[in-house]
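Shared chain: subunit A. Partners: subunit B in the first complex, subunit C in the second.
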Partner chain A sequence: MGTTETPSEGANRLDRRLLLERLSSYWLVGAGLFAVALFGLIVLTLVQQSIPIVSEYSLFQMMTSSNWDPAADEFGFLPAIVGTIYVTVLSMAMGTPLAILAAIYIAEYAEGRTKMLVSSFIDVLAAIPSVIFGLVGLIVVVPFVGDYLAPAVGAHSIGLGIVTVSLVMAIIVTPFMISLSVESLEALPDELRESSLGVGATKWETIRTVLLRAAGPGIFSAILLGFGRVFGATIVPAMLIGGQTAIPESPFDAGETLPTLIVNDFGELMSIPLTQSALILVGLMLLVIVWLFNFGAMLVRRRLQRRWQY
Partner chain B sequence: MSNDIALRTDDLEVTYTGNREVTAVDGVSTEFAENKLTAIIGPSGCGKSTLLKALNRLHEIQPNAEITGEVYLGDEAIYDTDDPLPEIRRRVGYVPQTPTALPLSIYNNVAYGAKIHGDHSSEELDDLVESYLRKVNLWDEVKDRLDDPGAELSTGQVQRLCLARSLAVEPEVLLCDEVTSALDPISAEQVEETLEDLKEEYTIVMVTHSMDQAKRLADDVIFLYLGELVEANDTRSFFENPQHERTQEFVKGHTAVDYDDEPDEESVTDEQPVATR
Partner chain C sequence: MDRYTEQRLFGFLARASAALILGVLVMVVGVTLWRGGRVFITDPAVMVTAPGSRYMLDGGGGFLHAVLGSIFIVVPATVVASILAISTAIFLQSDYSNERTSDVINMFLNVLWGTPPIVYGVFVLTIIIAAGAQTSLIFGTIAIAIFQYPIMTRYADEALRAAPDAVKEASYGLGATRFETAQVTVRAALPGVIAGIIMGFARGIGDAATVLFTAGRSTQMPGGPFDPATTLPILIFEQAASFNAEVRSHAYAASFVLIVAVLALILASKLLAGRFARFAPGGRHS
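The block that comes next holds the complex of A and B.
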C-alpha cells in the first residue's frame, strides 16, 4: 500500500478492483458456457445432418444389416459395429492386465535408476503418434500375424485384420494406461502401506487387498480412457484392418470399424447426400456410445470410491 | 526398570542416504519393559518416528534407509534373523500417526490381519472382530454398521479401529506413532483411555509430542535429542528428577531446541507431511 494515498484514491482503487472482480467472473462463466455450447452445437449438427438417412431407413434396420453399398442404397452398419466391438474387446483384454501389472511393478517394486528408466521409457512410448505405430505395424505385426500367429492357431489370415489392429492398439494404449495407473498408486499415502505391513501382511497381500482397491477408482479411470482411445481409434484401424465390409467370421479376418467406415468412404462419397447423412449418423452413434459409456463409468467410479475409500 | 524386557535395542543407528546423509537415530541402546507403556519424547525431527519404525523394520519401505546395530524381541534378533519379515511385523504391531482405514469394511479392517495369518471359521472371525472392537471401546458405536466402509467413521473412531486391527493379530508389542496428534481433544481422550486399558496386557511403545500425555500415560520415558538417547527413566523420576541438563530444560518447557543443529528436515521422517487423498 502506498503511504501517500489519500482516502478517495483508496476508495477509487477499491472500486476498480471490485469491477475487475465482477468482470472476471463473467469471463470465466462465459468460457465455461462456450465449452458447453460447443458440445451442444456438435451434437445438433450431427443430429440435423443425420435426419435424411433416418427418415429413409429405420435405425434398427441399418444397425442389423450387414450390407454396405451406398451406390445401391444399402446402408448396413453391422460389420462396422461388430468390428469395433471385436477390436475394443481384444485390445483391452490384452492391454489391461499388462498395464496393471506394469503399473504395480513401477509404483511398488522398481527403485532408483531402474524405475526412472522404465517409467520415462513408457512416457516416451505413450507420446509416439499413432500413425508411426501403424507404419511399424504394417512392417512387423502384419507379417507376424499372417505368417506365424494365424497359422499357429489354425486360422487363415492375410495379415491385415482385426487381430492385427487389436495387437497394435493394445501396444498404443497400454503405456498410456500404465502412466495413469502409476500416478494413482503413487498418490496413495504411505500410511496405507505401513498399516497393512504393520499387521504382518506381505507386500503382495498389501498390494492386492489394500493398494489396488485404494487406487481402484484411479486405475478404473485409466482403463476407461484407454477404452475411449481404442474405441475412437481411426488411423491405425484404417491402416491395418483391411477394409472389408462384411461381418468377420473370425478375429483373424479383415473387417472395419465405425471410424474406418467414415474415413474410408467420406472422400469419394460425400457427394451423394444420403451417404453423407449415413456417415454422419455413424459419427453420431460413436459420440452417443462414448458419452453413454462415460456416464456409466462415472456412476461405477462413484460406487468404487465409496466402497473403497480409505 | 526391573521388570522383564520385551524389546531391546543395541547401538541402533539409522541413516538416510539421500542427497545428504542424515543419521536420524544415532547409537541408541535402550530397553522397553514388558506390559508397560514407554513413551518416546523429544523435539520435532529428533528421530522418534524413525526409532519407532526401526523396531519392526517398517522404515525399510523408505528407499535409502540404512541401519546398523540390532533390535532384540525377547532374546531374538529381528535384523540378523531367518524369521520372515511379515512374522516380525505381526509380533510387533504398528499404528501410524494419521488415522488410516484400509479400503475395506469396518468388519474387514479388524479381520484383515487375522484372515492373513490363520484360517478362521466365520463364527470365529465374528467373535474375534467383536472382542477386539470391544477392547478398543468401539463396538457399541459400530456394531450396527459393520459392513460400511471403515473410512466413513470419524477420525477418532478410525484411530481406535486401527488399534483394533493391530491387536487382532495378537502382537507382543504395539508401536504407536503419535496416535492422538491428528485427533480432536475428545477423540484423543477416548484413544488415551483405550491405551490406558491396553497397557495392562500389551507392551506399548508410543511416540508423543506431548509431555502431558507422556506424564498421564507412560510408565517409562525415553528422551531423544537429535537422534541420540539423552535419558531413559521411569516416568516419575524422569519428570521430577531429570538427570541430564538437556532433559531438565526440556521438562521445564524451555525445550531449548537449537534449530541450527537440526538435521535436514526433508530427510527425517518424523515430520512427514500428512498425506492428502
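The block that comes next holds the complex of A and C.
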C-alpha cells in the first residue's frame, strides 16, 4: 500500500482502513478454516498413530478377543466394547423416556413462570461438571445399588458397576435431549394443536398422534446425539464402573468402557509403544462412532422431515 | 383403559419426569454443597494452603495448587478459544464466505462439538509424545481451548445470526468495510456472545477428561507454563475414592468450590447478558 503517494489525511485514513480490512480478512478466513484444519489434524494424527497396532494385529481379531493384557501383547477390546454397549443401551433406555416426557411437560403442560424456571434449571443441570456427578454417584448411587437395588433383584453387587454408571448417565444425558426436543415441539404451529383438539382428541392423544410425530425428526436426532454423548462419556464411567478387564456377566458386574480403557491404561503403559498405539486406536474408534451418530442424526432428520411433514 | 384415564396417566408421568429430573438436580447440588460445605466451613484454609509433600497419602496442607492450576489453565484457554470462536463465527456470516462454505464448516463444527473430550485429551497427548515434551500446564491450556472452541463458536454463531440485518445494512450503507461492519454486528450481538464465552468458561473449568493426561496431574504448586499442573476436576477425580478420609474430604471441598464457581458463572452469564442487552438495538435479549 503506497502510503507515500497519499499526501492528504483523508486518503491516508482510507488506506489504513483498507489495509486493516485486508489483514482482518486473512485472519477471519484462517479462523473459518481452522475448524476444518483442527478436525483434519485430529483424524490424521490418530490414524497415523494407530497404524503400528493395526499392522500388527487384525482389527477384527482385536475387536473379538476378550483378553486385554498389554504386558503380554494381548489387545482384546471385546470386554470394553460389551461394557460400552451395556452402558449406552441401559442409560438411553432409562434416559430417553424420561427426557421425552419431561420435554412434553415443558413444551405442552408448563406455563409462564414455572416453565421458565423449569427450563433454566434444566440448563443448570446441563452445565454441572461430570466429575461432580461422579462424586455424588459415589456418595449416593453406589450405596443405593449395592445395598438396595442389587439385593432387591437378587443380584450381588459391590455398588460399583454398569448399572450404577447407567443410572448416573441416564440423568446426565437428559438436559441435552430435553432442550433439543422442547425446541422442536415449540417450533410446531398452534394450528396443529387446535385442529386436533377441535376434532375431539384429548390433550394426550394430540401429543401422541400429532405433536410427537410432527416433532419426530427433531426428537429422533436428539436421541441419536444423546447416544453419542453417552458413548463418549469418560469421567463418570471411570469413577463408577469399577474397572474390570473381563466380559461382564450381568449388568450389576463391574466392567469397563472404551473411554475408561484409555483413562486407566494411558500414562502408566506409555512405555510400551504398542499399547499407546492400541489406546489411540480406541480414541479413533470413539471419534468415528460419534461421527456416525452425528451424521445419522442429520440424515434421519432430513428423511423423516420429508416423510412426516404435515 | 379409556382415553381419559390414559390422558391423566400420561399427564401425571410427564409431570413426574420433570419433577424427578429437578429432584436429581437439587440432590446433586445439595449433596455437593452439604458434604463439601461441611469440610469447607470447618477449614476454609484448605483452599488457600499449598499441598504438603505427601499430599496424596495424608492430605496434608490444602489444594491451592488445583485452584491456581484451574485458573492458569482455563483463563488463557478461554481467551484464546473465544478469540478464535468469535472470528470463526464472523466468517460463517455471509460476508466472508458463501452459503456452501458455511454449511461445510458448520458440519465440521458439529462433529467437533459432539467429539468426546477424551479424544481431545488423547490427541494433545499424542502431540506431546511426538514433540518429545512433557505433560504440562501449557498443554492443558491447549487441550481445554480446543474443547471450548466448538462450544463457544456455536453460541457466537447463534448470537450473530440473531442480530438484526438492519444493523449490517446500515453499516454497509454508510460505506463501512466488512471488518468495520463485523465489529458493529458483534456489538449488536454482544449479550449472546458474552453469555457464550461465560458458558464456555464454565464448561472448560469443569472438564476433566481433556486435561487428565495433558496437564500432568501434579501434586505440587504450578511452577511455570512448562511444569506439570493440576485442576480441580482432576483433583476430585483422583481423590474421590481415596482410602484416606482426609484426602477424600479434600475432594468434597474441591467439589464445593467447583460447583459454586460453575453456578456463579451461569448466574453471571444470565445477568451480564441482560446488562449488555443495552448495546443491542432495541434492547433485545438473546
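In this text, the second predicted complex is superposed on the first by the 277 of 310 C-alpha atoms of A that agree within 3 Å, B and C clash if a C-alpha of one lies under 4 Å from a C-alpha of the other, contacts with A are read in each partner's own complex, and residues count from 1 in each chain.
Simple rule for what comes next: a contact is a pair of C-beta atoms (placed from the backbone, for glycine too) under 8 Å apart; a residue touches a chain by one contact, two chains touch by 3 or more.
None of these values were measured; they are calculated from a predicted model.
Q: Using the superposition on subunit A, decide if subunit B and subunit C clash or fit.
A: Because the two structures are overlaid on the shared chain, the partners are seen to fit without clashing.
Q: Taking the superposition on A as described, I'd like to know which of subunit B and subunit C A:35 touches: first, second, both or neither.
A: In the superposed model, A:35 contacts subunit C only, not subunit B.
Q: If you stack the two complexes on chain A, which partner ends up touching A:152: first (subunit B), second (subunit C), both, or neither?
A: neither
Q: Thinking of the overlay built on chain A, is A:213 touched by subunit B (first), by subunit C (second), by both, or by neither?
A: first
Q: Figure out whether A:72 sits in contact with subunit B (first) or subunit C (second), or with both, or with neither.
A: After superposition on chain A, A:72 lies in contact with neither partner.
Q: In the superposed arrangement, which partner chain does A:189 touch: subunit B (first), subunit C (second), both, or neither?
A: Once the two structures are laid over each other on A, A:189 reaches subunit B alone.
Q: Specify the partner with more touching residues on subunit A, choosing between subunit B and subunit C.
A: Of subunit B and subunit C, C contacts more residues of subunit A.
Q: Which of the two partners, first being subunit B and second being subunit C, lies in contact with A:45: first, second, both, or neither?
A: After superposing on A, A:45 lies in contact with subunit C but is clear of subunit B.
Q: According to the stated criteria, A:197 is in contact with first (subunit B), second (subunit C), both, or neither; which is it?
A: first
Q: Touching A:205, do we find subunit B (first), subunit C (second), both, or neither?
A: After superposing on A, A:205 lies in contact with both subunit B and subunit C.
Q: So, A:138: does it touch subunit B (first), subunit C (second), both, or neither?
A: In the superposition, A:138 contacts subunit C only.
Q: With both complexes overlaid on chain A, what's the closest CA-to-CA approach of subunit B to subunit C, in Å?
A: So the smallest C-alpha gap separating subunit B from subunit C comes to 11 Å.
Q: Would you tell me the residues on subunit A in contact with subunit B in one complex that are also in contact with subunit C in the other?
A: 202, 205
Q: Which residues of subunit C touch subunit A once you look at their complex with the stated criterion?
A: 3-4, 6-7, 10-11, 13-18, 20-22, 24-25, 27-29, 31-32, 35, 84, 87-88, 90-92, 96-97, 101, 104-105, 107-112, 114-120, 122-123, 125-127, 129-130, 146, 149-150, 153, 177-180, 182, 199, 202-203, 205-209, 212-213, 233, 236-237, 240-241, 251-252, 255, 258-259, 262-263, 265-266, 270
Q: Hey, which residues of subunit A end up touching subunit B in the complex?
A: 111-112, 188-202, 205, 209-210, 213-214, 216, 306-310
Q: Using the touch rule from the top, collect the residues of subunit B that touch subunit A in their complex.
A: My answer: residues 53, 56, 58, 61, 63, 86-91, 93-98, 100-104, 112-113, 116-117, 149-152, 162, 165-166, 168-169, 175, 272, 275-277.
Q: Flag every residue of subunit A that touches subunit C in the complex, lowest number first.
A: So the residues of subunit A touching subunit C come out as 17-18, 20-21, 24-25, 27-36, 38-39, 41-42, 45-46, 49, 97-99, 101-102, 104-106, 108-110, 118, 120-125, 127-136, 138-140, 171, 174-175, 178, 202-205, 207-208, 225, 228-229, 231-235, 238-239, 259, 262-263, 266-267, 270, 276, 279-280, 283, 286-287, 290-291, 293-294, 298.
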